[in-house]
Amino acid sequence: MTGNRKPLLASDGLSKLFGGVVALDQLDLEVFPNQILGLIGPNGSGKTTFFNVVTGIYPASGGQVKFDGADITNLSTQAVYRAGISRTFQRSRLSLSLSIFDNIMIGNHKRLNQGLWFNLVRRDAFRREFEQNFEEARELVQVFDPPLAERMFEAVSGFPMIDRRRIEICRALISRPKLLLLDEPSAGMTHEETTELMDDIFKVKERVEDLTIVIIEHEMGVIERITDACVVLNFGQKICEGTYQEVAQDSQVQEAYLGVE
Amino acid sequence: MSARAWLVPLLPGIVAAAGVTVYVILLLVVESQVGIAALLVAGVIAVLVAARFGAAARVGAVFAERDDILNLLVILAVLTVTGFFYEDHFVLLMVATVIIYVIACLGLNLQFGYSGVLNFAGAAFFGIGCYTAAVLTKNTGVPHLVVLVAGGVMAALIGSFLLLPVLRTHSHYSAVVTIAFGLLFKIFLEVNDTLGGPQGLRVDGMNVLGWEFNDNIEIGENFEASFYVNYIVVGLIVLGFAFAFVRRVERSWIGLNLDAMRLDETAAASFGLNITRWKITAFTLGNFLTGLAGALFAMMLGFIAPTNFTFGDSLILVSIVLLGGIGNPWGLVVATVMLIIVPEKLQAIQEYRFLLFAAMVILILLFRPEGLLPRPLRTYIPGWKPK
Amino acid sequence: MTKSRLTQFAVAALTVVAMVIGFGMGSFPASAKEKIKVGFIGPLSGGTSSNGLGGRNSADLAVRLRNADPKAKYSYELLVQDDECKPNIGVQAATKFGANKNVIAAATHYCSAVAISTVDVYHKFGLPIIVWGAVLPDITYGNTYKEVHRVNGTMINQNETAAKFMRGLGYKTWAIIHDTTDYGKGHDKYFTKNLEANGGKILSRFGVTSDQQDFSAELTKIKSMNPDVLYFGGLTPIGIRIRAQMEKLGVKAQFQGTSGIVSDTFIEGAGPLAEGVVAFREGAPTEKLPGGKFFLEQYAKQGYKDPPEAYGAFAFTAMSLILDTIEAVGPDRKKVRKALNKVSGSNAADSITGKVDFDDHGQNTIAVITKYVVQDSKWTVWEDSAYAAGKRKLKGM
Amino acid sequence: MDIGLFAQYVMNGLMLGMMYALVAVGFTLFFGVMDIINFSHGDVLMVGAFGGLATYLGLTFLGVENPWVQLAAAFAVATSAMALMGALIGKFLVLPLKKAPPLNTLLITLMLGTVLRETIRLFYPRGANPQRFPSLLPTDAYSFGNFTLRVDNMMLLAAGLLAIIGIHLLINRTKLGLAIRAVAQDEDTAKTMGINFTLIVLVTFAIGSGLAAFAGILHGLYYSEVNFGMGLLLGVIGFSSAIVGGLGNIYGAIIGGFLFAALQTLGVLAMPFASAYKDVFAFGVIILIMAWRPTGLISEKISERV
C-alpha cells in the first residue's frame, strides 16, 4: 500500500548518542499517511528515543527528520506539536490532581486563545470558547467511553489505568494532529483492558480522517491486530520491516527477541 | 424568584460567615489568656464537629456555587470587625496587617502555588516594595497611589535579574537561587548606608488627594475612628483587585497552563506550552503583587528596617501559602489570620511562640499535607454546569 | 483526609492547644487596690535575649516590690512585649501599648534600631516611656518628643572616655571591627572621631554582620597590620567569637570592647580569654551603685532564671521611676508625662543608679563613664584592678 | 602579600572550607538516597555540638578531667545521640512525606530546624547565650612570620578530612554503601533486589546526622564557642555548597564547600573597606554559578525517563 505516495514522517540517517552509548544508529524510517505503523524491538532498542528525538525532547546527534515535507530536525517540542505531532508517554504523564477536562485541554494548547487580555478581562468571550471546547472534548471522550464523558470535572487520580490511557489519548487527539505517537499504550493494563483500548483506537481511526499512528508496543497481539506495517529496531538500527506476518517470520527478529546467537 | 427562594439555599453560607465574624470579634475582644485559650479550643472543636457532621461540606458547597456571595460576605465581615473596633488602633493594625500579608501571599501563590516556581525570597520582594515606597515618598512628589504600583513594578524589575537562573534551574536548585538572593538582599541593605543602613528608613504615611491616612478620622464632635481604618479600606480595595486577578488567572487557560507546567514540565512542553514565557509571567506577576503589598505596608507602618526582611520572614510567607492549602486563595486568608492574630493574642506563649509555630506547621504538614483548606478542582466559570 | 487521620490530627492539634493553655495559666493575684497597667518592651528572643530577659526581670522586680509595699496606692500589672530586636515588631509592640489606654507608661527597648523606630509611635499615642538600654544618641536627641526619656547614657560619652583613656595608656594604633547594626556603626563613628582627636591611628576597619561566625579572614588581615589594639563595637555574641578567634590566629593586640560586651555572658563565653579585656559603660557598676546591693539582693531573692545583666539596674530604675510618678500624680498619661519631664535639676530623682536628671530631650545626664577590665573572670572597675595597680599588664604594655 | 600571610589565608580557607564541606556532604547524602533536602541539618549539627558540650560538663562534674577521655566521650555521646535523632527524623518526618511535593519536605525540615533551635534556646540552661566550648586539644602554636600553625587546628583539619574520606569509603567500598547507592540509583530496582528501603533510608539519616554531630564538635573546638543560632547560616551555606557542587555527588559537596570558603575569604581581601559586602559577593557569585551551571558544577546524572 505504500506505492509512490510521499511519506508523512521520514527519518534519514537519524542518530542519537548518549555519552558513548548509541541509542539510534543511522535510522531510516518512513511513515505514510493514514498508516498505523508498529514500532517494535527489545527493551533499550531505541523506540522511545526515536519518539523523543522526533518530538524534540532530545536533540538529534545526526541525520534528519522530515514531517509533511518540512524539516523538523531539532525543532523545539512546542514547534513539533504545532506542526501536528502529538504523543502519549510510556509512563502515563497525566496531571493526576487535575480534572479530565483540564488534562485534555492541556493537549489543546495551540487551539486555545492564550492572550492575557482575553483570559483575564474578556470573560464572555472566554466563556464561549470554554463551552465550545468542552463540547468538543466531551464528544471525543464519548467515543471512547460514554460514562467517562459524564465525569469530565473529576480528578484523574480517581480513575483506573484504562481510563487514564483513554484520557491520555484524548489529550493527544483533541488538537487534531496529523500524526499520533503512542508509546506503549497497553503498559500496566490487563489483557482485557488492552483489547478494549485497541477497539477504542480503531474507533478513533475511523472517526478522525487522515490520522496516522505510530505505536510502540510489546504485546504482539496488539501489533498483529492493528498495524498495517511494522518496523523492528535493535540497538538503534532498523533490522526488519514489513507487515506483522513478514516481520514475525524474520530470523533476525527472532534472534533479537530470543537472544539466539 | 421570591426573596425567600433566593435566600434559603444561601443560608448555610451566611450563617457560617456570621459565626466566623462573631468568633473573630470575640477572639479580638477577649484579653484574658485563659479565655483566649478556651476560645481557640472551642474553635478547633467547632471546626472538627462541623467537618464530622457534614456542615462544613454544605457550607463549602454553597460557596462553590456562589462565590460572589462568599466574596461579598467576607468583605462585610471585615467591615463589621473594623466597625466594631473602630477606635482600637492595635486591633485594626492587626486586621490591616492580615490584609497586606494576604496580598503578598497571593503573589507567592501565583509563583509556587500554581506555577511551581519556588520563591524563598518573598520577604525580599516585599522589602523591595517597602524601600521603593520609602524612597519615593521621602524624595519625590509622586502621588501615593502611583507609589503603590511603583513598589510592585520595582519588585518585578529587580526580580527579573533572577530570571535567568530561575528559568534554568529546577526544584532545589532554584530554591538556592532565591534563598541566596534573600540573604544577599538583607545583607546589602544592612551594609549600604544610602538606604538607611541597619537603622532603616522612615516612610511617610499615605496621602491620596489631600486625605491624610495617618490622621484619625474625625466626624463631627464625638466620633473619632483610628487612622488604620484608612489603610484597611485601601488594603481591601487592593486585595479585592489582587484576589479577583488571581482568581481569574486560575479560572482561565492561563491557570491551566501554570498547573500543567508545575505538574509536568516535559509533558506540558510536548503540548506546545512555552515554559519560559509562563515562568516569566508567573514570577514577574507574583513579585509585582508582593512588592505592591510591601509598599502599602511601609506607608502604613511608617518605618522599615532590614531586619523585617530576613530568611525567617520569607519562611513565614511560604508557610502561610502551604498551611492554607497550596493554590487556594481562601486558604491563605485563613492561614494568615491564624499566623498573625493568634500569637499576638496569646501573649502568654511569647517566648514559646516560634517553637509552637514551627511545631504547628510540622503537625499540619504531617497530618494534613494538602493544607487547612485544600485546593478544589478548577471551575472555569463558577456555577456553570454542562448541558 | 480519612477518619483515622482526622482523629490523629485532632489529637495532635489539641495537644498543642493544651500546651498553649499550660503556658497561659499565669498567676494573677487578686487585689483590692485599683489595678494599673504598665508596660515593658525588650528583646526576649533572638541573639540579644539575655539582656532583654535581664531587663524584663528587673522591671518585674520593681513592680513586685511595689505591689508588696502596703503603702502603695495602686496595684500594678506589668505587661510585657517582645520586640525581637526588630524594628517592625517593635513598632507593633509600641502600637499595642500606645493604643491600649490602660497602659499608663512603659520602660522600653534595649536595641537602638528598635527604639529609634518606635519613638514616633509613642509620640503619636502620647504614651510616656523611659528607654532602659538603647544607647544611640538620636533616640533622645533626634527629636523633641516629650514622651521619650532615657535613664541610661548614650554612646557619645562612652567613646570619648574610651579614646582618651586608651591613648593615655600609650596605645598608638587601632584596628576596628564593628557589627553593621546601628549600634556597631554608631560606636565606630564616635570612637573614630574621638580617637583621631586624641592622635590615635586607625589602620583598618571591618564591618561584619551580627550572625557571622568566622572572622579568620578579617583577623588575619588585622594581624598583618599589627595594631596595638583591636576595638570591637558590637554585642556579646560576636564579641566572644572574635576574642576566641584572635587567640587561634595569634593576634596579639589588646582587645577593647564597648558597653555591648559588659555582661556576665561575655566572660562565661570567652572563658580564660576574657582576662584583660577592657570595655566602657555609662553609669557605675551595679554593685557600686547607691542601691546596687539592695537591687542585687532583691533580684536574687526572686529566683529569676536569668541574671540581670549590665542594663538590668537601668530597667529597674526606669520602672521604679514610672511607678513613683504614677503614685505621685495618678494613673494619667498626660500627668505622668509632665511629671517625668520635670525630673531634672533640683527636682532630680534618686534611684539605685544614682540621681536621674533629664535634660530637655529627656536624656539622663550621666557624666560618669566606668572603665572596666576583666580580672579573674569578673568585670572589675579599672581603678580597683590589679592592672591599674601595675600588678598585671594589658597586652603590649 | 608575604608568604606567611598567604599561608595563613590558605589555612583559614581550608578550615572554613572543611566545615562547609562536612555540612554539604550531609546534605548530599540525604539527597542521594531520598531526593530530599533535610534543612534541619545545620541545626542537628548545633544540637550535636551542645550534646558534646553537655557531655564534657557532665564528666567534669563527675571529676573526670582527662581531656582525651572527655573528648572521646563527647564525640561518642554526641554522634550516637544525633544518629538516633537522625533516624527518628527520617522515620517520623521525612518518610511519611515521601509522596508529597518536595516543597513540603523542605518546609517540614526547615521547621524542625526552628524547633531544635528554639528548644536549645529555651530549655538548655542559659541556652540563649553563647556557650564557651572547652579547648580539649593541645594548643601548642608555631609562628612563621605572619603564619601561626596551631596543633589543634591541624588535628581538626585532619579529623574533618578523615571524616569525609571515611564517608566516601563507606559509600563506595562497603556493602552498606552499595545498598545506599542502589537505593539512590533506583528505589524500585533496589527493592526488587531485596534491599530494605526503609532501613537504608534510616541508616543514611543516622550516618548523616552523626556526621553533623561530629562536625558540630569540630566547630565547637575550632571556634571555642557554640550558640543556638549557629546552625541556620551554616545550614544555608552547606546547602548552597552542596547545590553549587551538584547534589548527590560527594565530590561536588567538597568542591562547593571549599569554593564558598574561598569566596568569603576573597570577599574580605578584595574589598578591604567594605568587607561587610563579602557575603553579598559570595551569594551573588552563587547565583551566577547557578545561572551558568543550573545543576551544579558536577552535574547530577540525568535520570528522567520520558
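Going by the order they are written in, the chains are A, B, C and D; count residues from 1 in each one.
As a working rule, a contact is a pair of C-beta atoms (placed from the backbone, for glycine too) under 8 Å apart; a residue touches a chain by one contact, two chains touch by 3 or more.
Note that the coordinates shown come from a computational prediction; the quantities given were computed from them, not determined experimentally.
Participant: Return the chain whose centre of C-alpha atoms lies at maximal distance from the corresponding centre of chain C.
Facilitator: A
Participant: I want to compare two interfaces, B-D and A-B. Which one has more contacting C-beta pairs?
Facilitator: B-D
Participant: Report the inter-chain centroid distance for chain A and chain D in whole angstrom, where each centroid is the mean of the CA atoms.
Facilitator: 47
Participant: For chain B and chain D, let me know how many angstrom lie between their CA-based centres, rounded off.
Facilitator: 35
Participant: Taking the mean of the C-alpha atoms as each chain's centre, how many Å separate chain A from chain B?
Facilitator: Measuring from centre to centre gives 43 Å for this pair.
Participant: When the C-alpha atoms of chain A and chain C are each averaged to a single point, how far apart are the two points in Å?
Facilitator: 72
Participant: Where in chain A do residues touch two or more of the other chains?
Facilitator: Expected reply: 57, 89.
Participant: What are the residue numbers in chain B that touch two or more other chains?
Facilitator: 187, 190-191, 266, 351-352, 354, 359, 366
Participant: Do you know which chain C residues sit against two or more other chains?
Facilitator: 45, 180, 207, 209
Participant: Under the stated contact criterion, what part of chain B meets chain C in this complex?
Facilitator: 33-34, 36-38, 40-41, 44, 48, 51-52, 88-90, 93, 97, 187, 190-191, 197-200, 202, 226, 301-305, 307-308, 344, 346-352, 354, 356, 359-360, 363, 366-368
Participant: Please name which positions on chain B make contact with chain D in the complex.
Facilitator: Against chain D, chain B makes touches at 112, 118, 162, 164-165, 168-177, 179-181, 183-184, 187-188, 190-191, 266, 311, 315, 318-319, 322, 326, 351-352, 354-355, 357-359, 361-362, 365-366, 369.
Participant: Going by the contact rule at the top, pick out the chain B residues touching chain A in the complex.
Facilitator: Counting only chain B, the residues touching chain A are 245, 248-249, 252-254, 256-257, 259-260, 263-264, 266-274, 281, 377-381, 384, 386.
Participant: Mind listing the chain D positions that touch chain B in their complex?
Facilitator: Counting only chain D, the residues touching chain B are 31, 37, 92-93, 96-97, 100-104, 106-108, 110-112, 114-115, 118-119, 122, 232, 236, 239-240, 243-244, 247, 274, 276-277, 279-280, 283-284, 286-288, 290-291, 294-296, 304, 306.
Participant: Sort out for me which residues of chain D touch chain C in the complex.
Facilitator: Going by the criterion above, the answer is residues 2, 5, 8-9, 12, 15-16, 121, 126, 128-132, 134, 141, 143, 146, 148, 150, 153, 222-225, 227, 229-230, 232-234, 264-265, 267-269, 272-276, 278-279.
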